[in-house]
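First chain A sits with chain B, and in the next complex the same chain sits with chain C.
This part shows the complex of A and B:
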């Protein structure tokens, strides 16, 4: 019994790491640009498909092909930004959030149906030589690919934090978040900062997509699910604190899987959503967010 | 001018009421049924999303509850009209339950919060009623399109009528004041929460009625189907394409939405949703007030109206 609960919890945490990574991507974009990109889940789906086809056609290992997946997503991100999002940079904040959300819904429809037409509605998964392998600790199984997902997510998070903290460009991004007008006065190219933040978010979606592919599978309609999860986790963790966001993801994954173990029927999603609503209403700044200034 | 408009509206309704007597083809009647359903949905959504400015992504919940209650009562032998009314009332009960907590949320958080609420209901209904809502044989044999047509037509007239009355009422003006500037409205003695709640209740009731009509119209569907988030997104899409916060906008948006979708399905087949998505993105980016404001701009340009004052005073020019 205890082992079964622990096993569930571990799987929940490992899945939660992917929620966290996806959410950090959407939070990065939202935090800096105030673009609410609800097509984030579709970008994640494209990342999964990129990884899938690199494996299928060129026999590239999904972990080794991560840089290629990222490059593919950066291309998509650049096109989307230059074609659509750049037009909404100058709107006042509330308008910007609303309009990017609406454009995002349009994109959801477009990207999902492109995937559907190109690659059919089939569930796509891959089997590598190490797919089923796992190590056992105290009677709990840890599949290698899922642990690798957690580790890669943590590496991405750490790299992002160091980038924002230590590099000149990272400081420029943080300055823009504080006050974009003042930032542009001291010579920071705000447009470049916006583009860069958008691309970082896109790249993180791509990595998350590849990790979802190796642990589970991908299909064209998966985007909505992941966007919703990312939004929930972003609000859970509190905007502006990526570590908090990531921990929020792990919490959501752990809660869902534990609840799924104890409540009969398929209610795991409901538990996550109820948790989300409660936090949204009673602690709108998120679990780890700073108080409103 | 005003009389002329009223007469032409009444004429239009009479002509639409005559359609089933004249037109034999079921496909045209079905298309019109869909148009009326979507006009009702868009206009009902617009009362909360357009007039009051609270973008809801959870209206599928009201639609679904209306459909669920009406269908369950109806196939258990209740007459259809009271069943539909019960559906509307169930939607109101749910609206009152979620109203107070969700209006603590502002702007985009309200949108995401309502989406989450609707998803909770969607998943729960899918678990509790996993089956198809099929009609009993005797109903299936007795199925006729004409009463459904009149139901949808009547529904559309009622919903648009309510929207029209609201725009010209004190309550509607209060709602618009809340949309424009909540604090300023409060300082004038308009209770923002009260107006938002009323808008939500009216909007939910009408959406619930539409759900009931849907339950009467559709022969078989999964109980979960009217709860899917697609319905909420469709309502929002139609209103934005037509023009938010106007009476005419949602009607134009709905007609455009249904007719274009049918046209694309017939002509470009599997690519229709891609093209539809592209069109929607273009409208959001380049026609911020929807078709109705584009039309106004063209008309103004054609009649050479002196721009400054006329344009500045119209509410569409502001947003």
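This part shows the complex of A and C:
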């Protein structure tokens, strides 16, 4: 009994790391640009497919092909930004959120149907030499690929934080988040910062997609699920604090899987939403969000 | 060095500036004074590129800046300290100053400029690793000016640097502004504190309802009857 609960919890945490990574991507974009890109899940889906086809066609290991997956997503991100999102840069904040949501919903339909036409509705997964392998600790199984997912997520998060903390460009991003007008007055090209942040978010979605592929599978309609989880996690962790967002992801994964053990399977999705509502009611700035400055 | 000619500007349908013409020469300290809502800040926003003029010309060393983006204008050597400073409160004092030197040219001489700024505002050096949000009002204003100086501006524009400061600090602030000007930085100063601004400035413009209604040497304007009665009574 205890082992089964522990096993569930571990799987939940490992899944939660992927929620966290996806959410950090959407939070990065939202935090800087105030674009609420609800097509984030579709970008993640494209990352998964990129990784899948690189494996299928060129026999490239999904972990080793991560840089290629990222490049592919950066291209998509650039096109989407230059074609659509750039038009909303100058809107006031609230209109920006609303308009990007509308555009995002349109995009989800378009991107889903592109995937459906190109690659059919089949579930796609891959099997590598190490796919089933796991180590066991105290009777709990740790599949290698899922642990690798957690590690890679942490590496991405750490790299992002160091980038924001230490580099000039990273500081320019933080300055833009605080006060874009003051940022432009010190000579920061705010439009470049917006594009860069959008691309970082897109790249993170790509990495998350590849990790979802190796641990689970991908299909054209998976995006909305991941967007929803990302949004829940972003609210849970509090926007503007990526470590908090990531921990929020792990928390959601752990709660879902533990709850699934005690309540029937289909209600698993409800748990996250209930958590979401509770946070909104009792701690709207998020678990780790700063109250205000 | 800076020339505005017949500038008209709008916020939406509302006209904020009506045919503003003014100039600032190298080395000068020029004040732009007038009541609340007269268009002082709007004029600065036009110069720094945050607001684009509907008509008229804006030239800096003969170059047209009317359509230039904000960060390009900073690169040209114009730096604005916005009203109430708008420092990055979540970052350290040093990070704020570093960001001031964001433009490629300023970044090359960052360390040298930093020493210069610390020379003017020793307080900032004492607090360099502190989070900017923890600074007092006077220190925030110093940091805002220091951040603007880090871009090595040829023209420094100050928007109400005395706003919200205690009288003794206001006096210090004006002394520092004079010192910065003496060190070769041209200054365009926007102030509601008309008497102090006119005493400080070599030349001044008076703006009312979006129009320039007076221009002259600081001392002359001080004895100007309509100004005396309107602002100094």
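By definition in this document, the second predicted complex is superposed on the first by the 291 of 293 C-alpha atoms of A that agree within 3 Å, B and C clash if a C-alpha of one lies under 4 Å from a C-alpha of the other, contacts with A are read in each partner's own complex, and residues count from 1 in each chain.
The rule is short, and it goes like this: a contact is a pair of C-beta atoms (placed from the backbone, for glycine too) under 8 Å apart; a residue touches a chain by one contact, two chains touch by 3 or more.
It should be emphasised that the depicted structure is a prediction, and the values quoted were computed from it without experimental measurement.
**Q** After the chain A overlay, clash or fit between chain B and chain C?
**A** They fit: once the shared chain is superposed, the two partners occupy separate space.
**Q** Specify the partner with more touching residues on chain A, choosing between chain B and chain C.
**A** With both complexes superposed on chain A, more residues of chain A are touched by B.
**Q** So in the superposed three-chain picture, is A:231 touching just chain B, just chain C, both, or none of them (first/second/both/neither)?
**A** Touch partner of A:231: chain B, not chain C.
**Q** Report for A:18: first if it touches chain B alone, second if chain C alone, otherwise both or neither.
**A** A:18: touches no partner chain.
**Q** Touching A:99, do we find chain B (first), chain C (second), both, or neither?
**A** The answer is first: A:99 touches chain B but not chain C.
**Q** Applying the touch criterion given at the start, work out whether A:178 contacts chain B, chain C, both or neither, answering first, second, both or neither.
**A** second
**Q** Does chain B (first) or chain C (second) touch A:214, or do both, or does neither?
**A** Neither: A:214 stays clear of chain B and chain C.
**Q** After lining up the shared chain so the two structures overlap, which partner does A:266 touch, if you call chain B first and chain C second: first, second, both or neither?
**A** In the superposition, A:266 contacts chain B only.
**Q** Identify the partner contact of A:281: answer first if only chain B is touched, second if only chain C is, both if each is, neither if none is.
**A** After superposing on A, A:281 lies in contact with chain B but is clear of chain C.
**Q** Could you tell me the angle at the CA centre of chain A between the CA centres of chain B and chain C, given to the nearest 10 degrees?
**A** Given the fit on chain A C-alpha atoms, the answer is 90 degrees.
**Q** Using only CA atoms and the superposition described at the top, report the least gap between chain B and chain C in Å.
**A** 9
**Q** Quick one: which bits of chain B touch chain A in the complex? Just the residue numbers, please.
**A** 55, 101, 104-105, 107-109, 111-113, 115-117, 119-120, 123-124, 126-127, 229, 233, 236-237, 240, 270-271, 273-274, 276-278, 280-281, 284-285, 288
**Q** Help me check something: in the complex, which residues belonging to chain C touch chain A?
**A** Against chain A, the touching part of chain C is residues 48, 50, 69-71, 74-75, 79-80, 82, 86-91, 95, 98-100, 102-103, 106-107, 133, 147-148, 150-151.
**Q** Inside the complex, what are the residues of chain A that reach chain B?
**A** Residue list for chain A touching chain B: 36, 84, 87-88, 94, 97-99, 101-103, 105-110, 112-114, 116-117, 224, 228, 231-232, 235, 265-267, 269-270, 273-274, 276-277, 280-281, 284.
**Q** Which chain A residues qualify as touching chain C in the complex?
**A** Per the touch definition, chain A meets chain C at residues 168, 171-172, 174-175, 178-179, 181-190, 293.
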